[in-house]
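In what comes next, chain A is part of two complexes: it sits with chain B in the first one and with chain C in the second one.
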Partner chain A sequence: MKPVAFDYARPRSIAEALETLDAQPGAKILAGGQTLGPMLNLRLVQPDMLIDITRIPELTAVQETGDGVAIGACVTHASIEDGAVTGTANGYLDRVASGIAYRAVRTRGTIGGSLSHADPAADWLAALLALAAELEIAGGSGMRRAALDDFVKGAMETALGTAELVVAIRIAKRGPKARYGYHKICRKTGEFAEAIGAVATDHEAGYFRLVAAGGSHAPVVFTDPRELFKEADPTDARGFDVDMAANALADAGMAADDYDLSLRAIVMQRAIQEAAGQ
Partner chain B sequence: MTRITLTVNGTKVTREVAPRTNLADFLREDLVLTGTHVGCEHGICGACTVVIDGEIARSCITYAVTCDGAEIRTIEDFDDDPLMKKLRHAFSAEHALQCGYCTPGMLVAARDLVRRGAARDEDAIRVGMSGNLCRCTGYVGIVKAIAAVACDHEVSEKTAVSADALGPAPGPAAQDSLRETRGNVTSPAQKEQRAARAAAPTLASPSGMNVQTGEITQDGSFTKLTQTITVNHPRDAVWNLMADIEKVATCMPGVSLDGPARDGHVDGRMLVKLGPINADLKGEADVTRDADNWRGVIDGKGRDARSASLARGRVEYELTETDDGKGTLIAVSIAYSLAGPLAQFSRGAIVRNLVNRLAGAFAQNLEAKLEGRDVEQGAQALNAGSLVLSVLWDRLRSFFTRLFGRKPG
Partner chain C sequence: MKKQGVGARLVRKEDDRYMRGRGEFVGDIRRSGMKDAAFVRSPVAHARVVSINIPDDIRESVVTVADMAAVKPITAVTSLPGFKPSSQSVLAEGKVRHVGEMIALCIAPTRAEAEDLVAQVEVQFEELSPVHDMLQARENGSPLVHEEWGDNIFLETLVDYDMAEAEREAAVKVTREFSTARQCMSPIEGRGAIAEWDHRLEQLTVHSSTQMPHIVRSGLSECLGLDHGQIRVVAPDVGGGFGYKGILLPEEVCLAWAAMHFGHPVRWLEDRRENLTASANCREHHYVITAYADKEGKLLGLDAEATVDSGAYSSYPFAACLEAAQVASILPGVYDFPHYRCHTFSASTNKPPILPYRGVARTGVCFAMELMIDAVARELDLEPTDVRLKNLVRPEQMPFDNITQKHFDSGDYPEALRRAIDAIDLNAQRKRQKKGEPDGRLIGVGFAMYCEQAAHGTSVYAGWGIPMVPGHEQANARLTPDGGLELRIGAHSHGQGLETTLSQVGYEVLGIPHDKIKVVHGDTAYTPYSTGTWGSRCMVMSGGAVAEACDQLADRARSIAAKMLQCKREDVTLKDGRAHGPSGELTIEQIARVWYRRPQDLPDDVDPAGLEVTAGYKPERDTGTFSYAAHATVAAVDTSTGEVELLDYVIVEDGGVLVNPMIVDGQIYGGAAQGIGTALYEEMIFDSEAQPLASTLSDYLLPGPTEVPAFRVFHMETPSPYTRFGVKGIGEGGAIAPPAAITNAINDALRGVGAELTMSPVTPRRIVEAVAAARKGAAA
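Moving on to the complex of A and B:
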């Protein structure tokens, strides 16, 4: 249960981190290590070097931008739980953060680390897909932006290049009528979820995203889920058609059995109920 | 070795540590602070919980080198802490421990829960303490003890978020004694693996092929799944191709053979990439065929030396004619089992998806071979899930188009 020997680097700037990453193809980024640590200890991951990016000032800050917020990649779940991100999403992020693993993990696990690892059952992936979050990515040729939808390629696979680094997560501000809901089912508190439903609506702005995630299946995002409601009014959770939602997931290619599909449809319903205050 | 300076229980210490030494081992073995217990060593049990810069953390998955400049508090530092005193008495009064192995971690975590005002009621205590496992008490005494202390504790130390310390402790402002890292320790095996990793996977595009996945079942340690693949080629052609073990092997992503097959026996390896995990399964396979019934069986096993994980698999296939002999239906049943750390870490469903996708990729490549198209030779590792989401999007789009006559977003 001891990791293999590896080198350790602690860059003080994004540029230095990229340089080190570029020079060390066998290196892994350490952004908190709450998933990587267990994998290292079990020797499932055997890197030549760990590049610890948690002391780069830009990565540990939350900044209000004109149209939203930019959360540094190394901001911990615990910081978000404790209210570090204000001015967006009505406390939705705080609540999602407070349900991730355990407090002793949340104090070191980071939002950027979680997204870069792209576990299909991870909370941030589902929660932020509903918000249509964008990632700011630094690489050799400068900064680029990527929608989270395009960034995640599947279970533990992302569009991150070998010498690239997630710098920040950008979340747009929504109107005063925006509502959010998040529900998950875990076998044991703090474990990876079997099923996650996440929803964000701003009907005045025509914004409505519904996410089914959890387990090992790639998440499914409904960018316009109004068709899943029996009644035309998508603000009324009672109209949500659970059977139709389960069928839609199956048709979207989610290779899950009937139990898993209905579990996902039901957590989506609960998330919608929460958003609607019902 | 890397030099670090940190404060442990109020005393400044400077030590040389190997980067792979975790904080728990550093505390126990270098500083002989054996109150911090090591249970699972992979962040599950909570026995190793300590305080780093005021926040609790798991010291088994936190490396000592990352704590350079931090302030650490272990259970030994709480002798005179008023809140911890109350918790100790309550743990004793409520019989909240038996063997005591989990207790240092329990106490450190419980103190943090009470301190943050998060021990509101029994439910909140159970949720808040769910990251600390106890195998003796059944938790009832532990919950009672914490509730007893929490009900008369005034929360004064409520966590305040300070804008410049939002990352894992100790953060950018901490003192830094990192001087140098050792030279590159890349082994030849790692270099070889890196080269294999760099070889991009290629999948031949399907043409008129249809893959259906049936039910996935569990039989002891074996997971079984079935697939039916329909190809637009006569049964003879498919059967003959399947006779060529080397050709069949090149259809399987990540597989390479050490040499030609002898009496249906081959030695070889299979590279599988699952996120940051790279498994290199070295092993062998035996192929038997029953020409009278158009059936074949491939039995294989392999071992990943780096993680000491074992994989076993059995593939059975049967060919039936379809479409008046112009096509062939290949009924495939795959049974596999994993043992060792790989199985311990990987959640079953992720591996099931991977095997399913490997089987799908195999079918596509087989179709390409039947059409005389080339499949990239050699060790092409398939990235688990690299295609999943795009497939989903495409299918989702077609679903919406079909159902509602328009595309989503």
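Moving on to the complex of A and C:
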């Protein structure tokens, strides 16, 4: 369980990182290494080079913009847990971060690294899909933006080009009545989630997104979850129809068995309960 | 002076170095010229090895079985009638019989480079149908793991104590099928060894993370054809054993051969993937049991068929049938009933060879027996604790020979249960159950009991006839010139705290302060022969031997003191580290100084034996001590998700006289945490190709600190009548009862739903599926 021999580069700028990536088709980006490290040791990946992007200043910055916040791709889970991101989502991000694996993992693991890996059992994917986050991506032809919904193509599959780099995650500000909920079930503390439910609502603004993730199935996003409520009031979790939600997940193409579907429906309900303060 | 002898709650001496990172494990050892080893391991479970292709440029660094022609295979036979021996070549010869079996050894300056070599070795296989399931293995026409046997049964046993009589008399008859999953023992430190050849001494030295250095030495001697005197085995600090390191490893044999062949030290450190994929080797049992009882719940008999998945080979020294053969004798547990039949099968499969894990067969046996008791109680609508109280061996029967002739030495089993009932407050829990939980979860209470034979000796093991039969355990005690005490034992301490508890014994006998006592263990060059650390034996056996050696040392010191005090030996008493005579007193330090440094002060007729003694010890009866416990837990079950929370966990334990109650508490906590792993988390699934499906600890779940509740431990101390100080072996007990207690609690919670779980681990999915099946059954 030791990696193959590889070279190591630590670029100081995004441009230098992209150049190195372009010159080394067999290279892998190292953003925190909390997934890549074990994969290297298991020789599931055998890169010629690791490009360590954690020392690029722009990537570790958090910037409040007029309409939201931009979180550098190499901001660690731990710094988000410790309150590095303010001005959005009422502490939702801090709380999601605090539940990722163990503190030791959070100290090195990064938000951009997690999204680039797109493991449906990891926390940021589900949490940020509920927020309709956008990614800033750098590539040879400059910067582009992509909605996280479009970026994620499936379980462990993204629209990131081989010569591209996630630079930042943009999250829009919501109104004062916006509410957030996040619930996951893990077999044990710190393990990847069996099921994740994430929800964000701003009913005044007509915003309501509900996400089911966890395990090995690609996440499902409901952009109009009202249909999953028995009663019309979507602020009341008691009206959420777990059976209907499980069926809706299956209809959305989640190829999971009854147990996995119902677990996801239940965590969605618990996330809604949390958002509603119930 | 602060109490330091038997019964003192001393902080462990060894913790100082462990807590400061000053322990030395195999992985910390460096040798000049040392190279690392990695193994080519079989990716398939059952195949003929057609060819091994090694590129020419690395040929010199790769070893196959053809290179090691003089090395004998590992064989671990037993004398039990009908046992079929297996022959385990240390590198595969002809056939591979489980995933992870070693095919070639690759040597390089670093482990990473050794793994590069592994990747270049190409092995061609002719794949054979594997046997992945022990019940399938028993069927006619199943693929054969060892063709020459004609079937897949290492050993079949049958005992029948007039079972037909119980069938005639019983009012009720309850049948259940139980199973426990295959597990992978998971000490923090994996296995590992460094082998080196000393040209000056013409001696092989193997540092190995082992529980039994002397047995490893005997095994290496047999396989390599070396004299014992040419081999030294050292177990340095060892990061957990649990049975995983109670074995002669094929890796150790390969490394030893390589060190001699290449002329430089060779090291191998097992990694977690090897641990999980090549060595998931314990706990897998299957039972079909019918209990016969009268209407009041008094058991009349038990009729059982038990199968243990023993894997591909018989490991040295415990052999492949240790668990199944024990099942027959220990299934009746703490209960007294008149009729019994047990048919056991040690089945061979294409899985790693079985090793006994903390608790050995008892964890599976306790699971089957204690779930059976609850099933009988449900059938008769009785409180499960009442059924237990009706059937437990009573204190006035002690010492008690049970139906399988196990000799229970002492104890009050019903009292342990009553204390557990009080501590868990059964009445309050029943009221709470009736009321229901505000969050909709279901509450259940579960109990489990066991007794644990420990430190059993010659008479027991001679009957099994395995390669290792414990005799008199020996210890060496030596006074140093400055009045300190050195104790040498052949067993090994790796979490048991023997460096502390044996010092306490030394203090108890000689009055030498425990910080002036040094315990040396785990090195065949320095210590007397011992079968090592297993079977919860060390406090009884090494403790008894140390006490005996210290007794004899006290006599020697009295003799010398008598010369110095010019009185008769009989007039000298030794107390609190001082020799008291009619005309004065001497400290042990003064006696030692004169013996070693000023012999001119002693007359010529002084006893020349000196101040060093090796003494042997056996308890008055060597059939073992029987510690026991009652575990009780309250579980909350969410039937929609299958989540289980343990709200309370009580352990009432009787380990005889406790030498250090704090260390015993630690042993119980650690064992019970492992028991929770068995109950709720740990399971190595093998698919139909006998491929292990977990290769990292994110797939093979171990309980962590947040999954383990704050156990409430209560001690009873019934002395063993047969051992020094009345101690009993107690190290394994914590791991035995939790799967049974927790599953009984879950089943108690689900009673209203009509669901009953009979397989460990009880996973959330299994709970939800059992509830769904029960509801479907109720609706139909």
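In this text, the second predicted complex is superposed on the first by the 278 of 278 C-alpha atoms of A that agree within 3 Å, B and C clash if a C-alpha of one lies under 4 Å from a C-alpha of the other, contacts with A are read in each partner's own complex, and residues count from 1 in each chain.
Convention: a contact is a pair of C-beta atoms (placed from the backbone, for glycine too) under 8 Å apart; a residue touches a chain by one contact, two chains touch by 3 or more.
Every value quoted in this text rests on a predicted model; they were computed, and no experiment measured them.
Student: Counting only touches as set out at the top, which of chain B and chain C does A:83 meet: first, second, both, neither?
Tutor: Only chain B is touched by A:83; chain C is not.
Student: Per the contact definition in the header, classify A:197: touching chain B only (first), chain C only (second), both, or neither.
Tutor: neither
Student: Does chain B (first) or chain C (second) touch A:262, or do both, or does neither?
Tutor: In the superposed model, A:262 contacts chain C only, not chain B.
Student: Which holds for A:68: it touches chain B only (first), chain C only (second), both, or neither?
Tutor: neither
Student: In the overlaid three-chain picture, which partner chain does A:1 touch, first (chain B) or second (chain C), both, or neither?
Tutor: both
Student: So, A:108: does it touch chain B (first), chain C (second), both, or neither?
Tutor: Touch status of A:108: first partner only.
Student: Of the two partners chain B and chain C, which one touches more residues belonging to chain A?
Tutor: If we count touched residues of chain A for both partners, the winner is B.
Student: Figure out whether A:234 sits in contact with chain B (first) or chain C (second), or with both, or with neither.
Tutor: Touch partners of A:234: none, neither chain B nor chain C.
Student: With both complexes overlaid on chain A, does A:185 touch chain B (first), chain C (second), both or neither?
Tutor: Only chain C; A:185 stays clear of chain B.
Student: Kindly classify A:11 by the partners it touches after superposition: chain B alone (first), chain C alone (second), both, or neither?
Tutor: neither
Student: From the superposed pair, tell me which chain A residues show up as contacts to chain B and also as contacts to chain C.
Tutor: Overlap of chain B and chain C footprints on chain A: residues 1-5, 38, 42-43, 188-190, 192.
Student: For a test of understanding, state which residues of chain C touch chain A in their complex under the given definition.
Tutor: The touching residues are 110-112, 115-116, 119, 271-274, 640-641, 643, 681, 695-696, 698, 701, 703-704, 706-707, 763-765, 768-769, 772.
Student: Any idea which chain A residues touch chain C in the complex?
Tutor: 1-5, 38, 42-43, 185, 187-192, 194, 242, 258-259, 262-263, 266
Student: Okay, in this complex, where on chain A does chain B touch?
Tutor: Where chain A meets chain B, its residues are 1-10, 12, 24-26, 28, 30, 32-34, 36-46, 48-50, 52, 54-57, 59-62, 72, 74-76, 78-79, 82-84, 101-105, 107-110, 117-121, 152-157, 188-190, 192, 215-220, 222-224, 227, 248, 251-255, 257.
Student: Across the complex, what residues on chain B touch chain A?
Tutor: Chain B residues touching chain A: 2, 18-20, 22, 41-44, 46, 49, 52, 55-58, 60-63, 65-66, 68, 109, 112-113, 116, 118, 126-128, 130-132, 159-161, 163-172, 174, 176, 178, 181-182, 184-186, 190, 194, 213, 215-216, 274-277, 306-308, 341-342, 344-345, 347-350, 352-354, 356, 383-392, 395-396, 399-400, 403-404, 408-409.
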